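Note that chain A is present in both complexes that follow, paired respectively with chain B and with chain C.
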Partner chain A sequence: MSETTPMKKPKRPLPKSRVMTNELMDSVYAAAFDAEAKGEPVGWSTSIFPQELCETFGVPILYPENNAAGVAARHDSPRFIAQSEGELGYSNDICSYARLSIGMAHMIATDPNYERPALAMPRPTFLLCATNSCFELLKWYECLSRELNIPIFLQDCLYNYYEEEPASHKVKYARSQLEHNIKRMEEFFGKKFDWDKFLEIQKISNENSRLYDEIVLMNDRDPAPMNGFDLFNYMAPMVVARGKKETTAILLQLKKEIEENIAKGVSTFGSTPQDYRVDWEGIACWPNLGYNLKTMKKYGINCVTNGYVGAWSLKYTPGNLDEMGSQYMQSSTNVNSTLTTMGRRADCASHFQCDGMLCHVNRSCKFMTYHMFVGREIVEEKAKIPVASFDGDQADPTIFNEAQFETRVQSLVDIMKQNKEAKR
Partner chain B sequence: MFAVGIDIGSTASKAAVITEDGVIASKAIVPIGTGTVGPARVFAEALDRAGIARSDVKWITATGYGRFSFEGINDQKSELSCHAKGISHLLPQVRTIIDIGGQDIKVMRINEKGTLVNFVMNDKCAAGTGRFLDTMAKVLDVSVMDLSGLSQRAEEPAEISSTCTVFAESEVISKLAGNVKLENIVAGIHKSVAKRVASLVQRCGIEQQVAMSGGVALNKGLVHSLEEEIHSRIYVHEDCQLAGALGAALYAWDHLQPA
Partner chain C sequence: MSDIKALLAQFDEISGNPRKMLGEYLANGEKVIGCFPVYTPQPLVTAAGLVPIGLWGGQVNPQVSGKYSPIFTCSILHSCLEYGMSGAYQGLSAALMPILCDTFRGTSAAWRAGVKDIPLIVFIHPQNRKDPGALDYMIEEYKSVKTALEKIAGKEITNRALANALTLYNKRNAAMREFCALANEHLDLITPVARHHVMKAVTFLKPEKAVEMVGELNKALKDQPVCKWTGKKVILTGITAEPDDLLVSFTENKVAVVGDDLAQESRQYRTDYPSANSALESLALQWLEIRGCSLAHDDNNTTRGKMLVELAERTGADGVVLCMMRFCDIEEYDQPYVIKMLQEAGLLAFSVDIDQSTTDSGQARTKIQAFAEN
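Then we have the complex of A and B:
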């Protein structure tokens, strides 16, 4: 190396909780490939399907939404999206996660030698679809089912417009579907459902949800002990392995690390001063996550919280199917009215003492776009903080523009700065 | 001791020089923007008009999309804050500003100090931006400066339903082929831009008085269409195109004041 060549800044070693997270993700993917190799069932699931069922059956499940996020973050989404829009003829106006996974499913089904992404998924033998996180999931999974000629287990979740918690008839409907799905799965997997194991899985799932919520709340300190974007990484085990003990171990380790950070007065945000606390609204802009974080740091912004990462915290009394059904009927944000959803966001922003909110208007998600434009006024009025929005997408890199993002962030900072000065 | 503000936009470069006493010493506009020789030329022109050398300049603040790329600046500010400060200096009663830039539409609410309180910007689509007007002028084979006069002579604005730059272009071509009067087509284009901008104005909320900044504000036909759409008078200062540069210069001047 030339003496004049500047030394590259060494990468900070990953904290133990992140290493454990990566190991868990590897093992979940490996188990799915192993099952495929043995000719055993493997499922693809929407992100908030009652995972307790297949965890009890011991059948491996992977999650196309989580997979799409990982593929997009590695800048490998365009070729799968192009496959969907090109050969398969899907509109570029539908969800990019759907385009990505349908394109990948087609490659898996038709070309055994296709170039696998770093996060490859095996061919599934069945699908799990819960409509709680998005009503378009029905069509997406119908397309996957047709493409791969495999069955769907459906957990239909109803919209809670008139109430914050599902009404009793909805709870009954949710419970009856859980029972029906268990019966159908017994037939499909050729195994009896083990109700004792189910109770254990429910306990683990609830403990993980409780721990995760506790961790998210620890960032309400000022300065925050965590870079808020870390939550985008730690939500992976909650999505993919919420019913596993390994997730409990990760969350306990993470909690310990945060407590150590608090005791030492340090943060995973690094040495950059946390001048502004911002509530990031909406999903991560996965293809541009690095740029988003770099720009935020440049202006001293720590996105200390966001409403999206908490969608996998489902808490109910283990053994109570009604409560469990009810929880799945009300998570996530897309089965609740805008007043409920954005009212909670405003409360959250106030609790975390946020100076502002930054909304990722995700081109893929028309539903959240409804929430955000109306919700902006709710948050401005209730939490008394400025709100800015920017265009992006969860997996399609053609939507985001760096210069437009920075202009909006910088203008939000100008307003937050003068608000802070006015308070002094 | 002078302060300079330079606004490097996507289609034009603007600069303003302020003296130690806070007086505007010179202004300059060059009709080419970031990535061209425009920024260097406008900077040199502004200094030349003020009769000063580079060494007389103590602080330079840059704004606009090219704000990170101009060498020798002391700091940079977002164009929204600079337009807010600049317009507030020119028209102190204004509380709502509309700026139609080359690729952005910005609606800003400001306070009595000229600082930004709230803002709304267009989404990624270039519909209704300055670039949209440039493209339409090219299709009609007229100068963008002539659009204002043409639309004021219109009898009945033509219906331009698409806000997409590419689709609107083909719509305009079909109007020309259908012998629709040029004046009516231009008025129709202005109306389509005004409708798009008005929805952003309504989203941000109007507080009187309302002003337009940026070069597009010189297009009286468009300003008139926009006034009709938002049901409000719009004030336009003769230096509206320099508002961003002037705001940047005022920020630069602030740096030279004793703490």
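Then we have the complex of A and C:
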């Protein structure tokens, strides 16, 4: 090391809740690889499929969306995306998570010696697809189904155009699908469904959802005890292991850590003053998460809340299949009308005393972009805060532009500053 | 021959002037319901005494819809929103919108924000079509559409009225399928543009009028000697194959269109309303029976590819052109496998871009020319 080279800042040790999260993720992936090695069923699932079913069957499931986020955050997405766009001929207009996972599936299926990513996935024997997060998921899973020649268990979650609870015929359809999927799975796995265990899994899942919501709400304090971006890290257990007790343990530990922060008057945001509280809307810009965070810290912005991370908080009465089906039909943001979604976001921004909203116009997420385009007026009118947006993508690093991001952040800060001064 | 030319001229006129058709219906004191692509329960509209009219957007460079619609909105819904916001659809009593993709989800939000004078009647098809609950759900969903239409019409839609409408639509479908078969015997008369204009015009016509006009055309075609086509033949697949300039380039290169799997064309007419316990059940069952469409999930995930290969074999097509609607992710997901499957079957298969925001079809023309010379 030369004398002029600055010393690297030592990394802060991870909090216990993060260590536990990493251990849980490792164990979930290990169980899936173990099943593959034994020739047992392994599934790939969309992120808000009723996980309670396979958790009850004890069949390991991995989540391509969660995996793609991890691969992208490690800057390893381009080669899988290139595989899809190149040899396989997919358009770069389709979702980058899809391009990434289809590329990976093709490599897994055709080349046993392919260079595995740090977060490798085993070859699945079946697919679970719920259309609540978006409609593209269904087309994506059709491609995976063709690529790997495996069946799809589909939970069709109808878009809620009206600002009301799903009508009874929709709930009936949701329940019918749950029941039918259970029957199909019994045949496919060659196992009987254990309804008592199912009830237990439902209870655990609900408890985890309740705890998660409680934790998210703890950041409404000023100053916030958490860097809002931390929530992106704790999404993983909610997505991948919502029906496991280990997730309960992680969330209890996290809650304890936040309470300690509150008691000590500190925050995981660090010592930087939290000049502005901002609501981040949309999926994380995973390949550029570090730059996003660094830039916002530079301007004293803590993104104290975001709507996306709460998509996995599904609460229903355990044992009630109608309620369960209905809940899956109402989560996430992209299965609800813009008036519902952005109205809630405006309320949330007000509750968290946000000074502004920063929207990630995620090139891969078409409907979320509509929410932002149409919902901007709703947020500005209801929450009376400025809204800024920037272009990016959840996994394709070619869309995001650092200069544009900082310029948009600067303009948001200018307005938030003026608003604060006007209030004085 | 002159009959055929005169008849085709009528279809040209109608397909190119939907606004004029709307104006005529309104001048007649009729109430008109806009029908977004692709599968709307038009028999309910007819049974209510209302007039269904297809909304297919058009060649327009969007000026106002960008306020609510991202740049990567598929071309057809972008132009529909543009027309809605700019007043081109004024006079419609309502618009029926199926939610068949994410862009529909988004456009329904954008429409509510930007088009205040045309209420939307939104409904959703079940994609889990093999689920035992899918049929009951679809029936109930159509009941909600029925109630909304009855309110506009000011009268009840009876089971008999709907059954009659279904029969009429099945007759229309049969006439369209017969037209497609006859067109292939008269490829000298039914150019790709003429074929498209007939198929599109019918989406702007009342079903009884469509049966009458297409029936007349079919009769006139039957009277003509069969043409032995010596040029190449293709099948078109995708959402739409427009503008005319694109289709003209087939003619210029002596390429005939002998079949299609376009959402704007044959996908509208190839699945009849089956017999059932009630008219509403028949209406709902039709959705469950649709095959080989990118917008209707099928557990057999290569149905579309197989159907195209079979269609090409049946019609003697040399190739298949995938008319790729710009930013239509639904079709984009199907594109690689469909092209691959067709090529593996020994067919020439390639994609051309369909973009309603520009009239420049230069790239597509080059591809068609290369295909003709191959």
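Assume the second predicted complex is superposed on the first by the 417 of 424 C-alpha atoms of A that agree within 3 Å, B and C clash if a C-alpha of one lies under 4 Å from a C-alpha of the other, contacts with A are read in each partner's own complex, and residues count from 1 in each chain.
Here is the rule we use: a residue touches a chain if its C-beta (ideal position, glycine included) is under 8 Å from a C-beta of that chain, and two chains touch if they have at least 3 such contacts.
Quantities reported herein were computed from a predicted structural model and do not represent experimental measurements.
*Asks:* Thinking of the overlay built on chain A, is A:T272 touched by chain B (first), by chain C (second), by both, or by neither?
*Replies:* Touch status of A:T272: no partner.
*Asks:* Looking at chain A, does chain B or chain C touch a larger number of its residues?
*Replies:* C
*Asks:* Using the superposition on chain A described above, determine whether A:T340 touches chain B (first), chain C (second), both, or neither.
*Replies:* A:T340 sits against neither chain B nor chain C.
*Asks:* Applying the document's definition of touch, where does A:S27 land relative to chain B and chain C: first, second, both, or neither?
*Replies:* neither
*Asks:* Check the residue A:T295 against both partner chains and state whether it touches chain B (first), chain C (second), both, or neither.
*Replies:* Touch status of A:T295: no partner.
*Asks:* What is the contact status of A:Q353 with respect to chain B (first) and chain C (second): first, second, both, or neither?
*Replies:* A:Q353 sits against neither chain B nor chain C.
*Asks:* In the superposed arrangement, which partner chain does A:Q253 touch: chain B (first), chain C (second), both, or neither?
*Replies:* In the superposition, A:Q253 touches no partner, neither chain B nor chain C.
*Asks:* Figure out whether A:F135 sits in contact with chain B (first) or chain C (second), or with both, or with neither.
*Replies:* Second partner only, chain C.
*Asks:* For A:V361, decide between first (touching chain B), second (touching chain C), both and neither.
*Replies:* Touch partners of A:V361: chain B and chain C.
*Asks:* Share the list of chain A residues that count as touching for chain B in one structure and for chain C in the other.
*Replies:* Overlap of chain B and chain C footprints on chain A: residues 361, 373.
*Asks:* Using the touch definition up top, name the residues of chain B that touch chain A in the complex.
*Replies:* For this pair, the touching residues of chain B are 65, 77-81, 104, 115-119, 121, 123-124, 203.
*Asks:* Inside the complex, what are the residues of chain A that reach chain B?
*Replies:* Going through chain A, the ones touching chain B are 361, 373, 380, 386, 388, 391, 399, 401, 403-404, 407-408, 410-411, 414-415, 418.
*Asks:* Contact residues on chain C for chain A in the complex?
*Replies:* Against chain A, chain C makes touches at 67-70, 72-73, 99-103, 105-110, 112-113, 122, 124, 126-128, 131-134, 136-137, 140-141, 144, 294, 297, 299, 301-302, 327, 329-330, 332-337, 339-340.
*Asks:* Inside the complex, what are the residues of chain A that reach chain C?
*Replies:* Per the stated touch rule, the residues are 88-91, 93-95, 98, 131, 134-136, 138-140, 142-143, 145-146, 151-152, 154-156, 158-159, 161-162, 167, 169-170, 172-173, 175-177, 180, 334, 337-339, 361, 363, 366-367, 369-371, 373-375, 377.
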